[in-house]
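Consider the two complexes below, in which chain A is the common component and chain B and chain C are the respective partners.
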Partner chain A sequence: MGAAESSGRRQFRLLIVDDSNIMRRRIERSQRFEELEVVGTAGDGLEALELARRTDPDLVTMDLTMPQMDGIECISRLIAMKPSLRILVISALSDKATAVQAMEQGANGFLHKPFTDRQLNDAIAELIS
Partner chain B sequence: MLREEELKTFVDGTTRYFEVAAQQPATIGSPYLLEGDLAVHDYTGVISVSGKREGVVYFTAPRAMLTVLLMKMQESDFSHENMRDLVGEVANTISGNARKDFGHDFVISVPSVLTGDKPEIPRKAGMRSFVIPINWRSHSAKLVVSLT
Partner chain C sequence: MQFSGSDRNGRLLIAGAAAAIAAVMVLVLIAGFRLATQIRASVGALQRTSSLQTYPAVISQQLTALRQRLGTLEYTGHVHRELARTVQNFNRRLSGVERRNLDPAAVRHAERLWQNYTPVLAPVLAFSGEPYDDTDTGSSLSASGRKYYDEVRQAGIFAQGNAPVLHSELAAVSAALQARTSAAAARLRTLLLAGVLAVLLLALAAAYLQLSRARQQRAAREAQDQTRDILKTVREGFFLLDADYRIGAVWSEALTHLFGRSDFKGLAFEELLRDKVPADTLATAVKYIKLLWGERARENLMKSINPLGQLEVSMDNGRGGKESRFLQFDFHRVMGPKGVKHVLCAVGDITSSVLLARELQEAQENAHSQLDMMIGMLHADPLQVSAFLDSAAAGLKHVNTIMKEPARTDGEFRKKLAGLSRELHSIKGEASALSLMSVAERVHHLEDMVAELKAKSDLTGNDFLPVVLKLDELLAHLRGVREMTARLVSLKEGPAGEGTASLPQLRIGDAEAPQAGRPVRATVDLGALLEQLAGKLASDHGKQFRLTLTGLGEVPAGYLDTVKDCAIQMLRNAAVHGIEACETRRTAAKPEIGEVRLEFRRLEAGYEFVFHDDGAGLSPEALKEAAVRKNVITAEEAAALDNRAALALIFRPGFSTRDSISMDAGRGTGMDLVARAVYGLGGKIGVSTNPGRFTRFKITLPAAGAASAVA
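So, the complex of A and B:
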C-alpha cells in the first residue's frame, strides 16, 4: 500500500521509533507537515516491527541504539517487509561507517542527534518530496 | 589509556548538546583527573563502552537542572521516569557523538540510569577517570569519562 491522497495532497503515515519517550514526543511535536499522520510510536526494534505490521507506515524515523533489537536490524527487517518504506535514521552515532551501514540496509536519510526543529523538518522534507 | 587530548571530543559533544538541545550554551570547565569517588547528583546516566575502547561514560545531574532542561524541550512531565529518560538520553547522545572521532568500533550500550547519591558505577581498577564539569544556567552537572 502506498501513501494515500487526500484533498489532492499526498498523505504519509509516519512511525516514530526511539527508546527515549522524550525523543519520540519531540519528533512528533516538532514535525510541521500536514501531509504526515503519526500512526504509532515504538520504543525498540521488536515493537517497531509489530507496529509496522499493524499500521503500514510509509515513513519511519529510526533510532539505532535500542534494547531488544537495534535500529540496523530493524531497518533491514522493515525493508524486507515493505521495500518502498522511507526511513530516516535519527541517531547520536556520528561515525561515517554507521551511516553507510544504515543506508546499505535501506535507510534513506540520516540525522544526527542533537538536532534542531529545522534540521528535523528539512530531513523529513527530503524524504517526502 | 585515555589521553587528555581525547577528552576534547567529549567536551565538544557536551557543548553541542546544550547549544542545540537546550538552546542555551553551557560553560564547560577544565577536565580533571578523578581521585577517589565522585559525588554524583540525583540522576546518573551510564553508558558502557566496549570494542576498541572499554569503560564507561556517565552524565550526572541534579533534578533541578533536568527539570529546566525538560522545560526548554517543551516537556511538561517532570516525573521520575522522565528524569531517568532525559539523563540517559544526554549520556547516549554525548557518547554516540564521540564515534565521530573514536570510530565505528567504539561500541556504546543503551543507557542505564542510577539514582541516589551513592550509586554503584562500574569501574575497572587502574582505569583513569576524567571529570568534565558542566555549568548551565545556575546548575552544575558532570560528565565522567573512564576509558582504556
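So, the complex of A and C:
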C-alpha cells in the first residue's frame, strides 16, 4: 500500500483517533476506500490536535472516552481549527446524550462499537459522499 | 393550503366573467340607445316626408275644384283659401324637411320640381277680388274672372301633369329614408342579438367556472375531511414543528390523549416535555431538535442518535398522582425549497412493549440466576443449604411476628424496622456465605426498602405494604430454592426410596423446646460457613487473607445464632474495611497475606469470643468524621469525644464509614447489630485497635444464657 503510487487518486486524508491500539489498527485495516489516505493515528485528544495541525486531515474518526482530552472537547477544537473537517464518532458509549453533544460540537456521523467492517465502510461512505 | 390558492384563482376568474358581462351590457346599451335615437329621428322624418307625398294630388284636386266652381259660377273664395293654405303648408314642410337623414339629391330634385309649380300657381294665388259680374239676367265671369279661370285651368293642367312626378320623387325620398331606418333597426336587432349572445356566453363561462370551483372546493373539503379522519383515528401523536421548535396548528387526536392537554398550538417542544422528564434529558432533547434543522442531520444518523426513541416520562394519572410511561418520538424532516420546512414528529406510547421487554429480560435474568443458584448449590453442601433454608425460614417467621405486632406510634413502627433490619441482615450474610446470590440480592433489595422507610418521617402501616409484598416474594423464592435443593439431593443420593432422599434437618447442638419469643434458628456448620464466606469476600473485594478459627466447637447451642451472626458481620467488616489490598500491605511492610483470627473459649464464668484482624485498624478521627457525615452525631459532639468514645461510635445505629452501599458494607447496620445481640444476651463487647496494625473485638458472654438464647 505505497501511498505514493496511488496518491493521485486519494482525495481524502484520514486521521484515526482512538485510545485503543487494536481499535486504531482495526479501523485502518477495515476501511476499503481507495480515495482515503490514512495520514495519522492518535491515542488521545491532545495527540490528535497535534497530528491534525501537522497533517491537515479532511476526515477524522474519533473515540469519545480517551485520556488527556476527551473526544467531545477534541471535536470542538478540531472544528474550530478547520470547520470543513468531517468527523465520524466511533464510540462504545450508548447514551444518546453524548451522541447529541458530539453532533452539537460538529461531528458528522456516529458509529457504535462494536461495529462490523461493513458498518464502518457505510459510515465513512456517507461522510465522504 | 394548495386548495385555497386555486380557489382564489377560480374566484378571480368568476369575478372577471361578471365584469365582462357588465361591460358588454353597458356597450350594448349605449350603442342600442344611439341607434334607437337615430331610428326615432328617422321615423319622424319618414312621417313628415310621407305626409308631403299627398300634397301634389291635393293641389291638383283643389285646382280642379276651383276650375269647376268657376265654370258653374259658384262661390270660390273658400276653395281659393284652402289652396293657398295647402301651398303654404307644402312650402313650409318641404323646406322644413331635415336633410340630415335624407338623400340630399332626391330632396333637391323634388324641390326643383316644386319650384316649377311656382310660376304657374303664383298668378292663381295672386288673384283677389270678385271673378263674377252679377246682372239681372244672371251672373257671368268678369274679365278678371275669365283671366283667373284660364290661369286656374292652366295651373290645373300643369298640376295634373306634374303631380305624379313630384309624388314619385317625394316617394323616393321617403323610400330612401325608410330603407335607412330599416337598416338602423336591423343593426339594432343585430346588436341586441350579439349582446344577448355575448352575455349568454359569458354567463355560461361563469357558470362553468363556478361549477368547477364548487367541485374543487368539494374535493378540498373531502381531502380535509380525510385528513381530519386520519388525524382523529391514527394511534400515534402527530404534529409539525416549525423553525422556532413550536408545534403547528394541526395535530392528531392521539396527542391529546398522550399528553392530557389540547393547547398545543404554538407550544414550544421544550414545554411539551417540561416537568415530565429530568432536566438533563430535556436539555438533550432540545439540543437534538435543534440539530434536526442543521445541514449535517441526515435521516439515518439522526435516527440512530435519537435520545427520545424510548423516553420515560412521568404523567398525571388522572387520579392526582403520577405514573411512569414510555414514549417513542420519531422525527422526519419535511423539506421545502429553502431547506428544512418543518419537522414531523410522531409520538407513540410504547409503555406496554417496554414493560414486556423488561419482563422478558427479568425472566431471562431469573432463569440465569436460577442457573447460577443451581451451580452454586452444586458446589455447596446440601446440608448447609438446607440448614440455611431452615434458619432463613425461622428468621422470616420472626419477621412475620414482628410485622404482625400492633403498632400505632412512629416509635413502634421504627422498632419494627429495627427488628426487620437485624433479621434481614443476618439472612443476607448467610446467603452470601453460601453463594446463594439470588437470595442475597433479594434480601439486599428488601434492606434498601427498609432503609428508605427509616429515612421517612411519619410512618404509617401502609408504608409497610411493599415490604410485605417483597417478603412474600422472598418466601416464594426460598421455597423454590428448597425444592431445587431437594432435587439435587435426590440426584446426588440416588433414586428415591432408599430412605435418604428426604431433606435432612441438621441442627448442631440441637436445642430442645425453644423458649417463648424468638424461635431457635437451625444452624449450619459454622466453621465451614465462615470459611466459605471468607473465600467469597476475598475474591469479591480483591483481598487476600487467612482465616483461623479456634474453638468453634465450644459454642453452646444457645449462643450459636448470635456467634454466627456476629462472626459473619465482623468477618465482612474485616474483609471490606480492615484488611488492606496487597500493595498497600507491601508498602506498609506488612505480610502480603492478611491474618484474621476468630477464637472462642470457655472461661471460668461464661465465654470469651475474640475477633482479630491485622488490617488497617480504626482511626478515631476518621470515625468521627464519618459519624458527622452520616448525621449520627454533630460536629460539636464529635469534637468533644475522646479516642475511646470515638471508637465506640461503630456500635451506634446507622454508622458506616462507607458512602456507597454494596452487598457487604455501607448500610451502617452491622456492628450496632452485633453489639445489640451481645447486650441482649447480657454480654459485653469491647474494641481495641492500633491504626495501621490491627483491630480486635472482644466479646464476653455470661454462662447463664448458654442453653438457649433469649430474644
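Throughout what follows, the second predicted complex is superposed on the first by the 119 of 129 C-alpha atoms of A that agree within 3 Å, B and C clash if a C-alpha of one lies under 4 Å from a C-alpha of the other, contacts with A are read in each partner's own complex, and residues count from 1 in each chain.
By our rule, a residue touches a chain if its C-beta (ideal position, glycine included) is under 8 Å from a C-beta of that chain, and two chains touch if they have at least 3 such contacts.
Please read these numbers as outputs of a predicted model, since none were measured by experiment.
K.L.:
Would you sort A:A97 into first (chain B), second (chain C), both or neither based on which partner it touches?
P.N.:
A:A97 contacts both chain B and chain C.
K.L.:
So, A:P67: does it touch chain B (first), chain C (second), both, or neither?
P.N.:
After superposition on chain A, A:P67 lies in contact with chain B alone.
K.L.:
In the superposed arrangement, which partner chain does A:N21 touch: chain B (first), chain C (second), both, or neither?
P.N.:
first
K.L.:
Spot which of chain B and chain C makes contact with more residues of chain A, would you?
P.N.:
Per-residue touch count on chain A favours B.
K.L.:
Once the structures are superposed on A, label A:E126 by its partner contacts, choosing first (chain B), second (chain C), both or neither.
P.N.:
second
K.L.:
Examine A:P114 and indicate which partner it touches, taking first as chain B and second as chain C; both and neither are also allowed.
P.N.:
The first partner, chain B, only.
K.L.:
Determine where on chain A the residues touched by chain B overlap those touched by chain C, and list them.
P.N.:
Residues 97, 112 of chain A touch both chain B and chain C.
K.L.:
Contact residues on chain A for chain C in the complex?
P.N.:
Residues of chain A touching chain C: 96-97, 99-101, 103-104, 106-110, 112, 126.
K.L.:
For the complex, give me every residue of chain C touching chain A.
P.N.:
280-281, 284, 287-288, 290-291, 296-298, 300-301, 304-307, 309
K.L.:
Mind listing the chain A positions that touch chain B in their complex?
P.N.:
19-23, 25-26, 29, 65-67, 91-95, 97-98, 112-116
K.L.:
Touching residues of chain B toward chain A in the complex: what are they?
P.N.:
Residues in contact with chain A: 16-17, 20-21, 70, 73-75, 81-82, 85-86, 88-89, 92-100, 102-104, 106, 108-110.
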